[in-house]
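Starting off with a structure, shown below.
Naming follows writing order (A, B, C and D), and every chain is counted from residue 1.
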Amino acid sequence: MPAATFAALDEAVAELVHDGATVALEGFTHLIPFAAGHEIIRQGRRDLTLVRMTPDLIYDQLIGAGCVARLVFSWGGNPGVGSLHRFRDAVEHHWPAPLAIEEHSHAGMANRYAAGAAGLPFAVLRGYTGTDLVAHTSNIKPVTCPFTGEVLTAVPALRPDVTVIHAQQADRAGNVRMWGITGVQKEAVLAAERSLVTVEEIVPEFEPRPGAVVLPNWVVSRIAVVPGGAYPSYADGYSVRDNDYYLAWDAISRQRETFLDWLAEYVTTVGSG
Amino acid sequence: MADWTSDEMMTIAAARALDDGAVCFVGIGLPSTAANLARRTHAPNLVLIYESGTIGAKPDHLPLSIGDGVLAATADSVVSVPEVFNYWLQPGRVDVGFLGAAQLDRFANINTTMIGDDYAHPEVRLPGAGGAPEIAASCREVFVVVRQSRRAFVDRVDFVTSVGYGSGPGDRARLGLRGAGPRMVITDLGVLEPDPDTCELVLTSLHPGSSVEQAEAATGWPLRAREPLPTTEPPTDHELRVLRELTKGKAE
Amino acid sequence: MPAATFAALDEAVAELVHDGATVALEGFTHLIPFAAGHEIIRQGRRDLTLVRMTPDLIYDQLIGAGCVARLVFSWGGNPGVGSLHRFRDAVEHHWPAPLAIEEHSHAGMANRYAAGAAGLPFAVLRGYTGTDLVAHTSNIKPVTCPFTGEVLTAVPALRPDVTVIHAQQADRAGNVRMWGITGVQKEAVLAAERSLVTVEEIVPEFEPRPGAVVLPNWVVSRIAVVPGGAYPSYADGYSVRDNDYYLAWDAISRQRETFLDWLAEYVTTVGSG
Amino acid sequence: MADWTSDEMMTIAAARALDDGAVCFVGIGLPSTAANLARRTHAPNLVLIYESGTIGAKPDHLPLSIGDGVLAATADSVVSVPEVFNYWLQPGRVDVGFLGAAQLDRFANINTTMIGDDYAHPEVRLPGAGGAPEIAASCREVFVVVRQSRRAFVDRVDFVTSVGYGSGPGDRARLGLRGAGPRMVITDLGVLEPDPDTCELVLTSLHPGSSVEQAEAATGWPLRAREPLPTTEPPTDHELRVLRELTKGKAE
């Protein structure tokens, strides 16, 4: 297997993220790859299918910036704060473009990634039963246990063209390490055709660390060193979550004008560093 | 009345519903506040599980999100998100699922998806399901904490995100849902519980300072009340002090 | 949930392991609960259905001692050495009693435990296809993906009455911690009705440790402190594998007489200490 | 001949088959010895995965079992057994599966289950499947290392534990097996490879000191040999020295 190579963020995004692609930027509150998301906005990508359990501010920004045609998700709020206004504006008023949505439960999304990582076409769970979620997508179906006859729920594997995550560290060989809440990132990387990992830093070797998850270099495509690349999310051991940013986002994103001002000031006119 | 708010009463009543030693799958917001209050008052051995994969989290301050660093740092175990749903929630080993709601109906079905009659053109787009459908399905019992209002308490939810009792008795069994469903809905006015025969939510306790008329006015179906209707014990000084320490500088 | 309680090994085995029960003693080369297995022999349990990926010496001993009516397994050899002679004698010559077997692949067994841990009646995998394993059990069946129509393999969940494992540490509250190769033990405990964990020691609290798996006290039934309880397997951080014992077992177990002598000298007449 | 044994030649030939940088799922015994030899000679970046869940193990001595402590201590990552099979082996991301065999047939099917015609009453009960069926199914290609003898090399295995080419061309595709199957069988006498048209194993290299007649006598089907038949390069001093260091005090 070819091993991961290092690249600048803008080069890696240009290489891996194409118009119309299915892209998953994962990170469950912790380690959200904001810098990579902003680079996707800067490069003007369009018609993306974005996949993510919790769209969070990062997808609110990508949606508002007009990059997204379709969203596959399970919880689209501003955690602890309220609505994602750009997401709502797109769903409710089709601004800046109509947004097709496919929504699931967390359990369903997690299992869809896990099936992708496991090379299976579908996953089985006890889920969705009796909910109205089932009526709005063909991606939730019944499946019968061949031993007991019990009917359970099946969801198809997720296989993103590219998964993007942020991790704390890479070593020089391109192995990647993260710790703390690591969510569904291992599955999202293993399920994808290709992957981009932004990291806080390159270390000579990984010191022993409790709770660490290592992705060997042969399952990662590109690594870009982007210190603070998860901001305003956080990287345990490097930074803390900027809860004030999440609170402030409510006002910034509520109106299209203030959002566009923010976009111009903090994303579009900024270099990729 | 005493110097506490109806929101404080709600959170304290919700906290009291949690038994010491119970294992509780906690949604963010009101449920998390109540669960953390319980752990600091009468239920020090309450086990908190957050859907970020933190099992046995013991936060020393209220997390703003389910993925705050303090949850991982204080947890007995941090597992992946697929694992927390598959190995820990799904098999029915969690005692209590603790949920919020945007809309709730007379059969305790929960809507956190959208308001309106057309899914494709919602009047209000809500965040969506998150972990709630499977929490509501799989936990041994479910508590819901939600402010009571005519907007939130409707006869039939616009969208069933998480199943309570469906259309009434027998629906959970027919759907193969293994948990008992919502056993208690704690609001800022009182407590509602399902009638054992009809599964309809009935007012079973009124917080001090609230009236049945207030509760009826804040409910979108003809609300029945248990008779005689007990009054919730008011917050103790200790409960209030701990709650206020916990929420210092927090929205809720 | 009731939390784990501490007990003496003989009491815990007497309480949890009954004649005719389905019992899984797990541990993948590392952390094999030999002491608990020997206690089961001493207590004279009969008609057990034993479940284990790699029967190893521990099940060779239980089989030779006449405790076992049925074996569910995936690899029954002496690792790096050769045959399990007591297992072979039972299968080939029905000594000391006929042994019914149900055999799987490792992938199948691992998925069966995982399904049990997940509360699902079955697991889906790409496995067994084209092999003669399929013909010899009704516990391998096809299942069709409801999205792609692809046919995959289903195996039913394992749900042992009791799972027994050995771990390095428990804390005073009865939480259990193991590290190193942890195999399928988490799944085996979570899949079982009840569980017994033998541990090297009780510690006041768990110091941070890379690669550790914690089982919270509310998923464990009983804990018995048995230092060296994995011998001749090992407990990383406490002991090393006694490879000479595994080599010597080949000669000890080859003849019924030498096995019976060993059993009398090293198991039956020894207290559970 | 030179001072090396046919077993040493076998292990060295097997090691040479592994490309540097390949990801290799390693069975214990002969395959593990060969894979570790390769990592210490021409393939320092060979990635070794053992079914105990150790990914990227770099043992400084030969493990006796697949669960030896040295594998976990030197691995890039130690994962659970379900994970190593589901996330790492099953999706087809492993380049080479490296297996042993008790019986092997002309279509490279592998038997590690039992010898005899009646499963219920085996003449010899072997250990069983272990990880082999899915290693043989899912790796991009498979190498088998096994001593050649009339007992081991049979026309048709008594029990198909792991599928090679089934009954011949097209069988793997019909079964939905995604890896290419056994590309090379390395023995103490030479190397066999499947004929691209018939899938039958054909002698494609003879180790120095062995003869075609010997190979034929040790094979339970009419063995065909490639013409002209190359001779395996003999072990270099370096290969021999490293192998002997590695196996010092070990059975194989």
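Throughout what follows, a contact is a pair of C-beta atoms (placed from the backbone, for glycine too) under 8 Å apart; a residue touches a chain by one contact, two chains touch by 3 or more.
Predicted, not measured: the structure shown is a model, and the values here were computed from it.
Contact with chain B and chain D alike is made by A, C. Distances between chain centres, each the mean of the C-alpha atoms, put D farthest from chain B. Note on interfaces A-B and A-D: more C-beta pairs are in contact across A-B.
Mean C-alpha position of chain A lies 28 Å from that of chain B. In whole angstrom, the spacing between the mean C-alpha positions of chain B and chain C is 40. Shared interface positions of chain C, defined as residues touching 2 or more other chains, are 119-120, 125-126, 150, 186-187, 211.
The set of chain D residues that touch two or more partner chains comprises 86, 90, 138.
The chain pairs satisfying the stated touch condition come to A-B, A-C, A-D, B-C, C-D.
Interface residues of chain B facing chain C in the complex, by the touch rule stated above, are 21-23, 45, 47, 55-56, 76-77, 86-87, 90-93, 95, 138.
Looking at the complex, you find that chain C touches chain D at residues 28-30, 53-54, 73-77, 79-81, 83-84, 87-88, 91-92, 103-107, 110-111, 113-114, 125-133, 136, 150-151, 180-184, 186-187, 211, 234, 236, 240-241, 243, 246. Residues of chain D touching chain C in their complex: 28-29, 51-54, 63-69, 71-72, 78, 80-82, 85-86, 89-90, 113, 119, 121-134, 137-138, 159-163, 166, 171, 175-178, 251. Only residues 1-3, 117-120, 175, 186-187, 190, 213-216, 218-219 of chain C touch chain B when the two sit together in their complex. On the side of chain C, the complex with chain A involves touching residues 119-126, 139, 141-143, 145-148, 150, 152, 154, 156, 208-212.
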